[in-house]
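You will see two complexes here that share chain A, one where it goes with chain B and one where it goes with chain C.
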Partner chain A sequence: MREKLLVMIEELCGDEIVREDPDIDLLEEGLIDSLDYIELLLKIEDEFGLKMSPSELTREEMATPNRIIAVVEKRLA
Partner chain B sequence: MQLYGENIFFISLAVILVPAFILGYCEKPLKHYGMAATVFFVVMTMKDKPQALLYMLCFVWYEYILAQIFLRITTGEHGSRVAYPAFLILSILPLTLHKILIAMNGNAGILAIIGISYMTFKAAQIIIEISDGIIKELKPDEYIYLMIFFPTLLSGPIDRSRRFEEDIRRTIPREEYLEMAGNGLLKILLGMVYKLAIASVFYLLMKKFGMDRTLISAAIYMYTYGFYLFFDFAGYSLMAVGTGYLLGVKVPDNFNKPFLSKDIQEFWNRWHITLSHWLRDYVFSRITMDLIRSGKVKDKLTIASIALMINMLIMGCWHGLTGYYILYGLYHGVLLVLFEIIRKKSAFYKKHKKDKWFMVVSWFVTLHLVLVGFFIFSGRFTRGVAFLLRSHGLI
Partner chain C sequence: MDILRKIEEYATAQSERTAFRSRNGEISYGELWERSGRLASEIENLMCDSRDPVIVYGHKDPMMIVCFIACVRSGRAYCPIDINTPAQRIAQISEKIGKPLVIMAEKTSAASEIEKREMFTGSRWLIGYETIRELTKSGKITTALSPCSDENDFYIIFTSGTTGKPKGVRITVNDLNNYLDWAMSLAGGIEERAVFMNQAPYSFDLSVMDLYLSLATGGTVVSVDRLLQKDSYRLMDYLSGQGINYWVSTPSFADICLAEERFDAAFLPEVKAFLFCGEVLPCETAKRLIKRFPDSKVINTYGPTESTVCVTEIQITEEMTAGNEPLPVGKARPGTRIELNPETSEIIIIGDTVSPGYYKEPMLTSKTFFFMDPLSACESAGARQATYSGGSRAYRTGDKGHFDEDGNLYCDGRIDNQIKLHGYRIEIEDIEANLVTVYGVKRGAVAQRIRDGRVESLTAFVIRDGDLITDDYFGRKVIRTALREKMPSYMVPKRVIFLDELPVTNNGKLDRKRLREMA
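What follows is the complex of A and B.
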């Protein structure tokens, strides 16, 4: 699952850096914008059947690849 | 009494915050004291107009009942789909009528409810998140407290219900409370300097040098009005946030040095933050989600542009159904769309965006685009255009 999520995030950012540094702040570095974030939520829904509302978590709680992976893992557990 | 508006308020506030501080220091819950303080200030604000108090109670009660009914319906699997738009419309209906009445008659009659603009955001947020399935229960006392919480009643910042409830339910450890109280006090004092000292200076300059019908005077007006607006609103927001801290509520910040923004998107992350983030989470995100899901529009830039324009148009209308507010919304919508196009398509932008000279130019341009926006917002732009057209015999 970690791998699948990393692929998704990498596609959205168009940058391999998310693999090298999975603690990078995606918003602060301008790697994803508000629309990318919505796409990510929709992809997570399609891939894992996990529905997430855009306002459910703060952007800080979903700021880095590692945090996103942790949230999804926790929800699916 | 006017909230954050006159000496008697500040004196009452100082007196009322002392027991709050003692309770916080003793690690006692602040919820009930904060509720009592809120009731006191709400009653004092409207003591000369008891009917206004009644209208406000009816409004809050109406929104609460609406949310409770919706919550009951959505526990069924399919109820939500059909009922959701109806309940969302019903929750923003009082504010919509309020805005229409003001646009038509100049006053809102029985819907002239203090804080209705800001309370509606909280009521709508709760309806939307019930539909999302992330709000599963509502307690009447907490709902009412969130709605009329006196520090933010008049003009925000716009808090979120789940965050607010978490704050009022927890007992804050002494050390953390002391830090919060210290920060809160600093924010209140800084807010007073912003609003009562600096904003007043800009206001005086604006009135003295900016009111003539010349181009130079209009330019002076544009600068002084922009800075007056910032210091007035940011000052008020700081005081509201600071008061919240002393009552154990970490009210979100509303401003973060907006005039240092290097592009218009950054500006909206620094100016009236709780408004723009509310719109991002409950308007922009929802429109883009529906557009992507429907599959009718494939191009990402088109999707973003449609959502940005609707988002900012709603922002403009929320300020009032007056020509210049709507124009202000459209103006920022167009700026955000143009920036989105540049950000995505321009090779020049991508190449130079981190260059120092580019950042300086970009900051300067953004600042002036923003000031022109405030000029529109003030109503002076449309009045000026009307004056020019009349003097040329065009209307």
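What follows is the complex of A and C.
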């Protein structure tokens, strides 16, 4: 699942740095904007059947690839 | 339709009614008329004989609307510049107008005001936000006003140009009034005193649809600022209490809202219609909206800034979305005729809402604008002449199109390198012209990445100039960051790929098709 999520995030950000440095702050580095973010949530729903509304998540919780993976793993557990 | 007179009438008939509301505050019809009159008088005193357009710089403050109306009442067009426009673009626009009067219509901190003022160093006068508020509250009307009329420009909106510099589309009073006469019939007829949701910034002509339709029908505009658009939770809370009747946005913005599960008819029970313009309406978006809002109409429209917002309309039904096929954009409004170039399938718009051209760009204007004799035009257009009723300005859109057997128009992409990304109109060459000015870039090209027939994102291909920038994340970041300072963020390519050489065709030209595959 980690791999699938990384592929998704890399696809959305358009830069392989998210794989090289999964603790990179996506927002701060300008790698993701609000539209990409919505798209990511939709893709997670499609792929894992996990529904997440943007409003129930804080920016901090979803700031880095590693944190996104942690949130998804926790919710699916 | 005489939009200025209409606003004046509503200012008398319903002076207390809110004309515009955002998180920055609200303004009534009475106040809008009074305050814009005072400011118009001040503009007249400052500008004397000059009829140059006035730059209104701001975002979603009620003062924006006051300034727009004030300019036009003083007999000068306004040129809206959104606060998210980078300094370099602002300088280019300012230079094109030449020592303009600049009005700051957005509340900013003192420090940031000084910074903002520096962006307009070439301006003749600059009026700050607090001064505007004071002037419009207690200023005196000292001169007789001669408002813009007929063929005077009403507004000038700058859009992406192929040379790397933006070009200003002139829209006249007649263009806007003719457009409004028809737009009031959208969605089966716009009801009086309704509530309109505004999403687009005022530097994007989609905003003309909600603002002037609302002012023409005594309605209220509820304007959603950029920060709020980025915060789904607050956005939903804000929208839910507003009693929105007409939703005007790009399809991309509807997609953001649809990601919220509570976004449905129970949540916004008063929505009569969703009005879309500015980019291709994806079938999926329409389908989901119809499902969540079974009693609201989903309206698709089409038109470039050069012909005043839009010139076609169609209601999207559930059946149309069943096959996941591209959606039609509908039939031309009365007063507009649409022809296709038989060789290229390029859509040509002829009619009474076509712009007279680009501001101070006679060469550029003559490339895409021309006059069409209505009679011979009708003959060559064969059966498609029914809706034509006068006016002879014509514009080559650069969009490809075809008609179906019912006479509905479909858009099939571009004949050139202009694209639409999330509703924004972008010339690929504009980005490229800026890309090659970035330190460390020797050559560069840009291509769009297409998914499901829709532009998803942009990719920049870069040949580095020696090792001035590194061939890794930092090099890519340097390029993206440099571009953000030169152009609006929606134009900055998401991907940066370093190449040793750019692909060329057999003729030795840049191989754009290959680039799109590589994107």
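Going forward, the second predicted complex is superposed on the first by the 77 of 77 C-alpha atoms of A that agree within 3 Å, B and C clash if a C-alpha of one lies under 4 Å from a C-alpha of the other, contacts with A are read in each partner's own complex, and residues count from 1 in each chain.
To be clear about the criterion, a residue touches a chain if its C-beta (ideal position, glycine included) is under 8 Å from a C-beta of that chain, and two chains touch if they have at least 3 such contacts.
These numbers were taken from a predicted model, which means no experiment stands behind them.
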item: Which of chain B and chain C A:55 touches, first, second, both or neither; value: both
item: Touching partner for A:34 - first (chain B), second (chain C), both, neither; value: both
item: Partner chain(s) touched by A:42 [first = chain B, second = chain C, both, neither]; value: both
item: Contact breadth on chain A, by residue count: chain C or chain B; value: C
item: First, second, both or neither for A:20, with chain B first and chain C second; value: second
item: Shared chain A contacts, counted only where both chain B and chain C touch the same residue; value: 34-35, 38, 41-42, 51, 53-55
item: Touching residues on chain A, where the partner in the complex is chain C; value: 13-17, 20-21, 29-30, 33-35, 38, 41-42, 51, 53-55
item: Chain B residues touching chain A - in the complex, by the definition given at the top; value: 125, 128-129, 132-134, 160, 280-282, 284-286, 288-289, 292-293, 300, 303-304, 307
item: Residue numbers on chain C that touch chain A, as the complex places them; value: 229-230, 232-233, 236, 252, 255-256, 259-262, 422, 457, 459, 473, 476-477, 480-481, 484, 489, 494-496
item: In the complex, chain A residues that touch chain B; value: 34-35, 37-39, 41-42, 51, 53-56
